[in-house]
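Following are the structures in question.
Heads up, the next two complexes both have chain A, just with different partners, chain B and then chain C.
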Partner chain A sequence: MKAKNNSIRLPERLLISRSYTTSESNKTGSWRYLMPRYYEKTAPCSVACPAAEDIGRIQMLNTQGFFKEAWDTILVENPFPAVCGRICFHPCEKVCNRGRFDEAVSIRALERFVADTAQRYKLTSGIEPMAFTGKRIAVVGAGPAGLAAAHFLHLLGYDCHVFEALPEPGGILRWGLPRYRLPLAALQPEIERIRNSGVSIYCGQAVGRDFLHSAGETYGAVFMACGAQRMPLLRIPGEDLPGISEGLAFLCSVAQGGGPGFQGTAAVIGGGNTAVDVARCLRRLGARAMIIYRRRREDMPAFAEEIELALLEGVELLELYAPIRIEKEGNGLRLTLQQMKIGAMGADGRMRVVPDENRIRELTVDQVFKAIGFEAAEPWHVPEAGAVSHLKLRQAVLTQGANSVPVVYCGDPVTEIQSVVHAVASAKEGAMALHVLLTGGTAAVAETLAAAAVGPGGSLSMEAFLKGERLNRSSHVVAYEEINIDHFQYAPRMIQPRLLQAERVASFAEIDLKISAGMAIREAERCFNCGLCNQCDNCRLFCPDLAVRQEDSKRGRRIDYDYCKGCGICVVECPRNAMVLEEEQDS
Partner chain B sequence: MVSGHVGCAGCGAAIAMRFFLQALGNQAIMVMPACCWSIIAGSYPMSSLRIPLIHTAFETGGAVASGVRAALDMKGDTQTTVVTWAGDGGTFDIGFQALSGAVERNEDFIYVCYDNEAYMNTGVQRSSSTPYGAWTTTTPGREWKRMRKKNIVEALVAHRIPYAATASIAYPQDLMAKVAKAKAIKGSRFLHIFASCPTGWRIPSELSVKIARMAVQTNIFPLYEVENGVKYTINLSPKGYLVREYFKLQGRFKHLSDQDLSEIQNMVNEDWNLLLRKAGLPQVQGEHM
Partner chain C sequence: MKQVLEGSHAVAEAVRLAKVQVISAYPITPQTHIVERLSDYCADGTIKARFLRVESEHSALAVMIGAASTGMRTFTATSSQGLALMHELLHWSSGARLPIVMAEVNRALAPGWNIWADQTDSLSQRDTGWIQLYCETGQEVLDTTLLAFRLAEAVNLPVMVVLDAFFLSHTYEPVDIPSQAQVDEFLPPIIPRIQLDPANPCALNQLSPPNIYMEMRYQIHLVMQAALSELEKFEGDFERIFGRRYGAVEPFLCQDAEIILVTSGTITSTSRQFVLDQRAQGEKIGVLKVKLFRPFPVEAVRGYLKNARKVGVIDRNFSFGAGGIFAQEVRAALYGLARRPPVFGFIAGLGGRDVTLESLGEILTRLKTLKRPDPESIWIGLQEVQLAGPKS
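Then we have the complex of A and B:
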């Protein structure tokens, strides 16, 4: 001590209590009675998509610029992104949760962007098919359903031979869809990809009815995907007069570069997409085109956007007129139209129409096109009665006769709606069902397919069927109210660049123009990724207890239950409902 | 900051500390007058903070920090930041004179008030930060608080300190940017951080951050900063929720009638227009502001 003479003795060091350990020995996890955990759920778009595309994940990948991975994610569920990215009626966008916030994400345009990018860089798919099963399957028809069936069967490990009566594959995609909606340059690579994956396509090889019986010698099963090409009759006098043609045949001749150019007036009878396509092709060939439809515009089965574009191109629409008679008049044709009016609501939810007394209108045109829906061309294109086993699935039919191989019917004749994406869904369902039948028997089909369903809608996922990661998600469909909109900023939907209105009818050039990668990324960023973790890190950021840890895993983070007090902030602050708060289980 | 602290589940003050230290870094000494965090940091011999922390008496936040700063200056240490971390009781009420004295001398330190709007760790007694209309154990039942919340930022701005700002645990980027900005300034800096309290506010713990966000979105707790006592900047334009949407989620306001809520809405509108005027922005009218 220096202060020897001082009466006060100072200690050698200050006696201040000083903490020297961390609070980490205090395991606050014991306080918890509610337990958060990561739990991915189902986005409404993927339920509405008949092909069950994993749209939320696709947009997440797009946001990060992983376009190839996004493309592969689509291809597992749908071999036609370049096609559906252009012509699909996008039921996904109608249920998009973002639509409740500002405007739905432009999902279809993004699908097309991904497909176009893959084509531009000549990417090859990274999807590995399952090991070869040793079985060979015949597919009748190389339209969207047949080609999709071959794609899915190939993924499941089958060798496929596709037989097509016409000289080129593609079916309705090649012969029925006008080029301004689907250019050949977009379609060709999709078909080539399926062919290059190892599927054999034999064109100019029509298959007869007896093939169904003889196929067993060479093939383990037959897929019937013949489409629906025959037009039902109008059942009115004069419908077989010269100058009256079928819409699909006309579209086919236009697709082959022909198409009679004429200046006159044409009437198109019908309200479906074919009727609209015929009318729009006629405008491009120089004709005046009138669509005659017995119900109202809003009742037309044609996609609303297509009708809108048709009217912009100068197509005229006569609603609530039913043709009752066609007669020859000079060089033209005189149509007698019965004015219709709205009746009662039908059992199918559509308004019935009934004749409006004797109000009749006459119309003289140069040519008439019929486009009133399609049915299978041959009776054996649809499932036959009398098969020993007959399994009706949602979008396909599986039959097996006494001494024959299983036959799967898919595509237009058996789907609820005649569209390309329904054909894909039908082919997928058929391929899955057949695979289960061949490996586990008929009894296992329903249960196995139910396990691959996305949400309650019945759309089936091939990724889930192949036991991929989608299987780990809850089937709970994320509602708008479950999104934490505080974490999103208003941003308008992208505007699809298009040809100028005047340019559209001048040629068959594609109307919708390409979008840039920057535009696609911005649009993909608008996606809520409902129910999916996109690693936004909110759970870790806001945790008061530092109980969400970063780690080197796919998710990149985990909850440390030694310290988690179960406050639930991470679950509420998750913008996209990819977590859940549950009661703690007694251990 | 590490796990194992003893803040209640969903503690907003714990979140505030996380963001604050993340932006400030570890070269700091923290002075802590009595407040929730005196408990949260852990009992002797544990600490949940990785920086030196001096627990001190309720009324001394400003004074002790001044002393620590002076000691560091004598050692020639200009790199270490001195921070006072106090609750609303230690800032608005009990520690107010020491704080006022320190900032009047323009002591070189950051004073952070994390505001949970009452004396929470002693059992929810009202403070001068408790908002109009709130239930506390000292303003119970029909005797709910009928005085308006003290505007502490304006009191500090009146001292013309270099930097005074509000921040919220619901806006981490804004909060951390303000901490970084404050760190770079010399002299007295004041941060008023809104930190929700599930226990005292009678809210579900999972809504802690959401409620703090709503306080900002309703204009009840606007995010703004004032430089040198004169330059006002409003950092966020709210979407404009109604006050009642914020109030109806909290048990401490459940006794309020529609009439009370309209009056509170008017007070909030009045305060917001006052702030807009100070920031040199046009006034707004109507209930939805």
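Then we have the complex of A and C:
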């Protein structure tokens, strides 16, 4: 080649670097010292849920319109989605990572939507129980704990007979929860599903203490799930006067037929959900209702949202008043109340209250309702104190009864919090423990249950216990900082449609209205699906080396380690932390 | 067909007639009218091209590189800061031998912020391997754009069509828009020499070690030199079809001129009038317009300037610490001639300041009075500046 200005000929071929050798001959995987891999982790909501519901996966299924699959995913951990979707205090939502981004996902409303959809289309669960073990188990009490125990024991291959003293099953769900929170039409199909799965429920069949001795002749084990129904005494003068009733008995009579019309003024003593329920039922019957509570509103054990709704309905709240005396006055009752004030912080972390000198207030009402918590109705409903043979679990107690028949105590008397979802968790733990005990002995219980734990909170997964796919996940709980929020857009939390405020006290109709499938899908799409792969394909799209390959498998893709350099981009761009980058192991 | 057109739209009409296949650009004053018109044409189907929106000029040129590597005829446009942002990929385009055509509207670089005419933006990219063609009128803008595609695709080097901000980009002039048939005759569809093909996959522009890199660069040098004769050849074709010709340089009354002004861009038009005025008063002066800056037309410049008594180069640009960039090139071109005129460098019109007949009169006076050129440039029209605000 020679340069000459006037008559330069253009070269025939371009001199550029161009290679027809495939770049696949350069196996860049040999450069790798960090290795990405798919590794699903644990979402904080599923840890906070006492029933360990697989919430991230449920929402993923909801976004795809797979409502039946979402329903089955709930049922394996909790037989009461229509109930919990309405009345659960949703600890899951408090820890939702989305809450740090904009607002928590409305998990409870979605649970109700899934359950209502299953009921509307009369779906049957696709969960297959394990093979029949040949063993029959007696369950005492058909409340949430007893029914849940029967559900889980049935899944584990046992034949269950449930004995209920009252004429209908459901316990507190049927008799204690007002219809405007839990309509019978929502509860009934949940119970029917358990019954139809093969559980025998015998109503009007009270069992006595001697049953624990004779059960061994017929049953391989006994489940005690009697709940807590007896109200402790106020221990003040005048509490036995006529016109003073127990809150739960009142709710029960309302549940049976609407209860008596009531025009006067009623005082409700207590700060739990029962106190709030009683007051709200009284408003619906036409009464003026006052809740008298010895601490402050923020100290009330009742769910904050329920208190809020009660006040909107016209319930009055007298905070920091403790009743010290009740007397008859004409046709009514005179309450003497001691004004309380905030004292020091108690050992339990709650502020103590102490009398505010001699400040007294008197109040005349037509009726008084006591709603100050519950304890077991009979001493034999709870495990015998101090017995060495007890295996005390987190939410249940396992003992060897007479004739070496195992007895499991679950539900209110042994759970840390008296709630439906705790009763479910307790029944699940008891059922798992009993199954291990019967198949592998006492020594194996702790270890086997630990393997089914979801995160560090002690919630247990039946799916993991049954060696399902959840067992393959890391117990690492995904933190908000581990979510790649660049891949999410702000979207407000759904607003629960409700009856107009003016309509609420006019009847016992359910306050929370149905939501549409479109609304449910949009809400479910807000879920980060923390730690779970939802097939978004970011790992493949962002891989600079095309080292994430599509394949015809359940995951749909795999990492080609021949070419993966371990740059970690896939792990960073995974919006939901379903991957992990680890140091390469020497091979 | 003659139309009164903005310079920007003269570019757009040429791109339409060139049947460009891929366009990508990022808006920047004073270039925006070019791609606005083109995006309208893409949207309404007037031209069947893909218009790719991008987030920066760097990406716009990256898109051009990708598209040109698949054998497409490509076009982009930019100005000033936008061109500076493209710098890395300017080198890449030429090294990859891609025939990309770009309209570059000369605008001053910031700070201080200035959107007006100044050539320093394009001239500071002189070593990137792009052919640069400077235009004087709206008609020349349209014609040069058509020539640019023909030239780029013949030598496999990218070409910049350079036009002054506002004086050309936003000024309406009568422009003869040729027919599609005429343009098709001059500019047939691209026959790409680089064309990625999924059926026969290859990798482009990978590692080139010392044993080959130098030869690759030498070939670019050779084709850059060949571009001089290629341009001449294509201008012959162009004249035959359209009846117009420009030349790498264009002399105006240089034959007997004792003093020759060297200009580029729109300053040339004012200089033509100035020369006519001065000739009427007996001054023997002429103008040499430089259209082709890269490759620099050394032989042509020598031929027209060697017999002058004095040469004055007017630069609307400046290289700090050296001088006007055209002046440097002209001096270098004349160096080595046994008999050569002294070259005086003048700086005028930076940041869009008008270069008037009076400015040119001052230049002529200086040329007549000065004996020998100073290495320093002579700045025309500098004013006393009254500073306000705190002293610092």
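Going forward, the second predicted complex is superposed on the first by the 560 of 587 C-alpha atoms of A that agree within 3 Å, B and C clash if a C-alpha of one lies under 4 Å from a C-alpha of the other, contacts with A are read in each partner's own complex, and residues count from 1 in each chain.
Note that a residue touches a chain if its C-beta (ideal position, glycine included) is under 8 Å from a C-beta of that chain, and two chains touch if they have at least 3 such contacts.
Quantities reported herein were computed from a predicted structural model and do not represent experimental measurements.
**Q** One more residue to check, A:S17. First (chain B), second (chain C), both or neither?
**A** A:S17: touches chain B and chain C.
**Q** Is A:K27 in contact with chain B, with chain C, with both, or with neither (first, second, both, neither)?
**A** It touches chain B, and chain C stays clear.
**Q** Between chain B and chain C, whom does A:T218 touch in the aligned arrangement: first, second, both, or neither?
**A** A:T218 sits against neither chain B nor chain C.
**Q** Is A:Q256 contacted by the first partner chain B, the second partner chain C, both or neither?
**A** Neither partner.
**Q** For the overlaid complexes, name the partner, chain B or chain C, with more touching residues on chain A.
**A** Of chain B and chain C, the partner in contact with more residues of chain A is B.
**Q** Could you tell me if A:I569 is touching chain B, chain C, both of them or neither one (first, second, both, neither)?
**A** A:I569 sits against chain B, while chain C stays out of touch.
**Q** Looking at A:S516 after the superposition, I want to know if it touches chain B, chain C, both of them or none. Which is it: first, second, both, neither?
**A** So A:S516 meets neither chain B nor chain C here.
**Q** Of the two partner chains, chain B (first) and chain C (second), which one does A:Q550 touch, if any: first, second, both, or neither?
**A** neither
**Q** Quick check on the output: what are the common chain A residues between the chain B footprint and the chain C footprint?
**A** Residues common to the chain A contacts of chain C and of chain B are 17-23, listed in rising order.
**Q** Over in the complex, which chain A residues touch chain C? Could you list them?
**A** 1, 3-11, 14-23
**Q** Quick check: in the complex, which residue numbers of chain C touch chain A?
**A** Interface residues on chain C, with respect to chain A: 95-97, 154-156, 193-194, 200-208, 212, 215-216, 218-219, 221-223, 225-226, 228-230, 298-299.
**Q** Sort out for me which residues of chain A touch chain B in the complex.
**A** Touching chain B from chain A are residues 17-28, 31-32, 484, 486, 541-547, 560, 562-563, 565-569, 571-573, 581.
**Q** Looking at the complex, which residues from chain B come into contact with chain A?
**A** 1-12, 14-15, 18, 41-42, 44-48, 50, 53, 169, 172, 198, 204-210, 213, 217
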